[in-house]
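Just dropping this structure here.
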C-alpha cells in the first residue's frame, strides 16, 4: 500500500498534471481528487484516457480533506490554502498556490491585496524550489511550491548571484509564458481566436510573482534585491522562458558563467546546463520536470544574459510538486518524473 | 500612368508583401518583379490570388534592372544591394536590405563580417524610419529602410530618450518575433513541427540589428549609446514585440512617459500611443503598417519599460518601405496602407 | 451622405468583421452598433485600431433599432431575428443568423428545436448565397445570409449538380473549420490550451446547417436531396474547407468538372476556380470574401471530390453579407471587399 | 543484457520517436542509430535531452547494419528497405517504410512508380497492424508496419466491415494530419509561416496509402474493396483523424456499431472505444500509442460515420513498431508504451 494522496484543485491544469504524473508513480496512490465545481462528476469525463482513475468521482474540497491520506497536493486559487491549512494537520502538504510562499505576511497583503489568513503558520512552510532547498524539504511537513515564473527566473539567476558574477542592482527579467498559465477557466482574451497569432505583455509593473523572486534573491545575496519583471503571453500551450539581464561583475568572463551553473547544478538531474553552442527551447521540456539554463556575457555592455526554460505546468508547478513530495517521503527524487519531452 | 515600380527579391516574404500592398495603391504600377531563382515562373504560381499581377513572370534581378522604372524596392539578401546600387542610377530606391543602414562602413564590416562594397555611397542614403526622418525622406533618392527590430525598438525608445526621460546607460531590449522574420527559405528549425509550440532566444549577443539601434539612439542622444538586445522566436507567423527596459531619469512619472509619446507621435497616423489601461498586442497590427507604443514607470526599481508592437513584414519591412516611397513621390503618406488588421 | 447602417450583434466575431469592412466602404456609414451586453462601452475598447468608429458607444439592440437607418446587418444568436424582424420595417435587412434561411417553418422547428416566431414572414426572405441568387438579391428587402458551412459546400456542389455531373444520392461532406466559428464567448474546449494542437469532429449527425444545404441542393436538382455532413474543429482562427464526395455521373471526365465551374463562375469575382494543378488553401482566403473551388474525378471509385475553401467570417458571414448589401443598394458588388489575403 | 536494437533513419521524426520510446523500455538496448546524412554527429546535438544516448554518434546505414543486433527498426524512405532487407538476415526487422506493406509487387509498382526490388521476399512480411495480426506478429521475423493513414482508417473500419454493419461499396475516407507527417526535411509549403493558419487537401486521388487500406479491407471482406481517400494537412504538429463514411447495412442501429468495436477491441489496451457521448480528439493521444474509435449511424442518409484518431508518429509509426517488436520478443505488449498523453 503506497502513500495515500489527495489532490485539491484537480480540475485545473496543474491538478490535472498531477493526476497524470501520479499514474506513473510506483509509490503513491490517489485516494481523492477534489474540485468543488465538478463534485460528483467522473474524473474520466474531464480526463479521458486517464486510465487508473477514470472511474473515480470528484470530491468537494471539504469532503476530500476528510478522507484519510498521507499527503495533500493543493492547487487551489490563492487565499484558499491559507484558510484550509492554517490548522494543525498531521499530513504532509505541498501547496502549489501562492499562500505560503512569502515569509512576510505584510508583503503578502501588499502584493495580493488581502490579509493573510494564517500569518502565524508561515514559518512552518519551506520554499519548494527543490534544487536550492533540498535539505529542508526532506524533513518538511509543509512545502510551498514556487510559482512558475520564480522557478524559471531563480534557476537562471541564483547560481550567478551566489558566485558573485552579477550585481544586485538593475536586474531585469522578461518572461514568456504559454497560455496554459492562465488556467482552464479562461477569461476574455484567452479563447483560441484571441490568443492565437498574438504576443502581448501583461501585468506590467506589479505581477504577484515579483516578491517571491526578490525574497529568494535577497536571501542568497544577504541583502535586499529588487528586480524588474515583465511577463508576456505567447501563443503556445506550455512553456516558460525567462530571459534575465543583469550587470556583470568586474572581470567576469563567459566561462565563469557556465562554471557557476555547472557547480550549482552538477549533481542535478532536472537542470540541464547548456554550453556555449546551445540555447534553451521550451519545446524540449514540454511535459517534463526538466529545466534548461545557460548564460551569455555581453561584454560590450557589461551585462550578463541568463536564460532558463521550463514547462510551466511541469517544473513550474506539478512536476516540482511531485519532486518535492518524493523527497518528503523518501522516494527516489525522479520517481514518476523520468519521461522525456515528446518532440517534435 | 503611374509611378513605375520594380520589386527585387519578389519571392521573399517582404517582397511578396510589397506586391500585395501595390495592388491597393492607386498611383504606382508594377513593371517588373525579380527573383533570380524563380525567373520565368508566373507570379500567380507563387502568389495565387494576387490578381493584378498573376500573369506576369518573374524576371532575373539583372533583367529587372534593365526595365525602365521610376522606383526600385529592393529586398535582396545583404551584400547584393551594395553591389547593385553603388553606381549612378537616376531612379529612386528604397532598399529593405541592411546594406545602407549603417553610416559607418567599418561598423558594417564588423557586424556583417564582410567589406562594404560601396562605402562612398553610404552618405547618399537616408534612414527610412519615417516618423523620425520624414523631411529628409521627402527629398531623398536613396532610402535605407530600417530593420524590423530597430523599427520596433526605436519607436519605443526615441521619444523617451529625446525628452530626457530615460538614461543612456543600461538599456536592455528583449524582442519577440514571429517566424516569418526568418524568411521563406527556411533552414532547420523553422519547419512547422520544430517551430510550433516553441519559444527560443537566438543570436544572443551580436545580432546584426544592434548597430542600427545604437546608431539612431546615439544620434538622438548626441553621444554614443550601447544597448543589450536579445531576439526571441515565438510560434506565430507575423509580429514583433519589443520590450525595452531603461533607467528612469530622476523625477519621471508615468504621465511624462505617455506625454512624450503623444508629443512625438501626435500627428502620426501609423503610431498608436496606448494609454495607461492598454498594452500592445501584435495581432491587432498584423498585415498593417501600424505600430502600438506605450510605457510604464516601474518606480520600485527606478526603470521604465517601453513597448512597441509592429508587424515585422508591415511597419517592419514592406509597409514602411511603401510609406517612404509615398513621401518620395508626393503621394498621400497612407496611400495603399489604410487597411486595418484582420482580427481575430 | 451614405447609406446609414446599423449592426446588431456587433461584439461578436461576424459583427466585428462587418465593422472592419465598413471602414473601407465608400458608400455606407455606420450609425449604430449594438451589443446588449456591451451597452455603453466604447467600440474602441473592444476593437482597438478600429479608427473611424472607436469613439462610438455600443447601443442596446432595442435602442439601435430606434435609430434611423437604411440597412440593418443582424448577427444575433438564432431566435432573436425572427422576433425582431417579423414586423413591418421599411429598412432593408441582411440577417446573418439562421432564422430566415429555411423556407419551411417545420424544418426550422425540427432542426433548431424551437418554434419559428415569424413563420408567415419566411417567404419574404431571399437566400443570400450571392452567386446563385443575385437577381433576387438586387431587389430584395430581406436577405438571409447563408451559414458558413452551407456557403462552402454549395459553392463546391451546385455547379456539378446543375450540370448533371454528380448523382443525387450518397453525397458526403466533411468540413474543417477554424475556431472563430465558435464565436467569442467561448465555452469549455475552446480556450487556447484545449483547442490548440487538436483536431476533433463535433455535432456529428444533426448539425443545424444540414437542412440549409439540402434545401438549396434540392432546389437545384428539382427533387429532395439528403447529404451526410460532419464538421471538424481544427486549430486555426479562420477558414473553412469543405471536402465533398459525390457519385460521378456516367461518362464524366475531369475536364467536365472544371468546365462546369468555369461556366458557373466565369463572371464571378469572388470565386476562383482552381485548375488541375492547384488545390484550395484556407490561408489564401483569410480576411477576404473570396472562395477557391475545384474538383477531382476519382475514376477508380466512380466518385467526384469537390472542394471549396472560404474564410468563415468572410464569404461565410460578414463578407457575403456586405456583398449582398452592395447589390441591394446598387453599389459595385466588390465595394469594400477588394482586399486580398494577408499571407503568409 | 537486453535485446540489441538498431534504428535506421534515426534522424527522421519516426526514428527520433523510436529513440525516445526506447529510453523507457526496460528490455531493449540501442546499439546503433543510423542516419547517413548525420554520420558522425552526436545524437545529443539533434536530440538534446535524449539522455541515455546523447553521446552516441550517428552511424551510416551501411555501418549500422554491420553492428551485431537482435532487432532492426527501419524508417528509411521507400525503396531503401527493399534493397537492404531482401537478403537473408537472421535478425528480426520491423520496417516502418512502405516497402513491404503491399503483398502484390505489381501494385507496388503501380502506386509507387518503381519496380519492387525484392518481390520474392514479400511473402515473408507480416502486416504490422497489431490488433488484427497479433498471432502472426508474435512469430514473425519480418513485420511491415502499416502507414499512419491506413492504421487510423482500418482501426475505424475493420470491425464494422467484419461484422457486416457497413457495405463494401462507396466507402469514403477524409483524413486530417498534423504537419510532422511530412517529415523533418521540409519542402516548400511546410515551413511554419506557410503551414500555420492553413488547412489544405493534398495528393487527392492517388495517395500511396490507398492500396494498403484496400488490401486489408479486401482481406477482411473476402472480396475486392475500393475506397475514396483524401488526406488533408492541418496546422498542428502531431495527430491524425480519419473520418470514414460508409453505407450502413440494412437494419443497423447505433448500438450495433459500438458493440462491434467493443467486441473487436474488448481486450485491447491501446484502442479506446468511445461511447455515444464522446468523440475522438487527437490531442488526447499525442505522444502515445493509443487510438480512439467510435462511430455514428446517420439514419437519415443510411450511412455510418466511423472515426479513429491516433498520433501519426505513435500508433501511426514508432509506437506501433515498438508494440510489434514487444510481441516478437515476448515482452509485455505495453512495455515502453504506457505513458499517457500530455494535455493540455
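Per-chain residue numbering starts at 1, and chain names A, B, C and D are given in the order in which the chains are listed.
Definition applied: contacts are C-beta pairs under 8 Å (C-beta built on N, C-alpha and C of every residue); 3 or more make two chains touch, one makes a residue touch a chain.
This structure is a prediction, so every number in the text was calculated from the model and none was measured.
Shared contact partners of chain C and chain D, listed by label, are A, B.
The chain with its Cα centroid farthest from the Cα centroid of chain A is C.
The centroid of the Cα atoms in chain B and the matching centroid in chain C are 37 Å apart. Put simply, the C-alpha centre of chain B and that of chain D have 46 angstrom between them. In chain C, 13, 178, 180, 184, 193-194, 196-197, 235-238, 286, 344 are the positions where the chain touches two or more neighbouring chains simultaneously.
Remark: chain B residues 13, 178-180, 182, 184, 186, 188, 190-197, 235-237 touch chain D in the complex. On the chain B side of its complex with chain A, the touching residues are 170, 172, 174, 176, 178, 193-194, 196-202, 204-205, 226-228, 230, 232, 234-239, 241, 243, 245, 247, 279-283, 286, 296-298, 300-301, 303, 305, 307, 309, 344. Those residues of chain C lying in contact with chain B across their complex are 13, 16, 20, 23-24, 47-51, 180, 184, 196-197, 237-238, 272, 274, 278, 284-287, 290, 292, 338-344.
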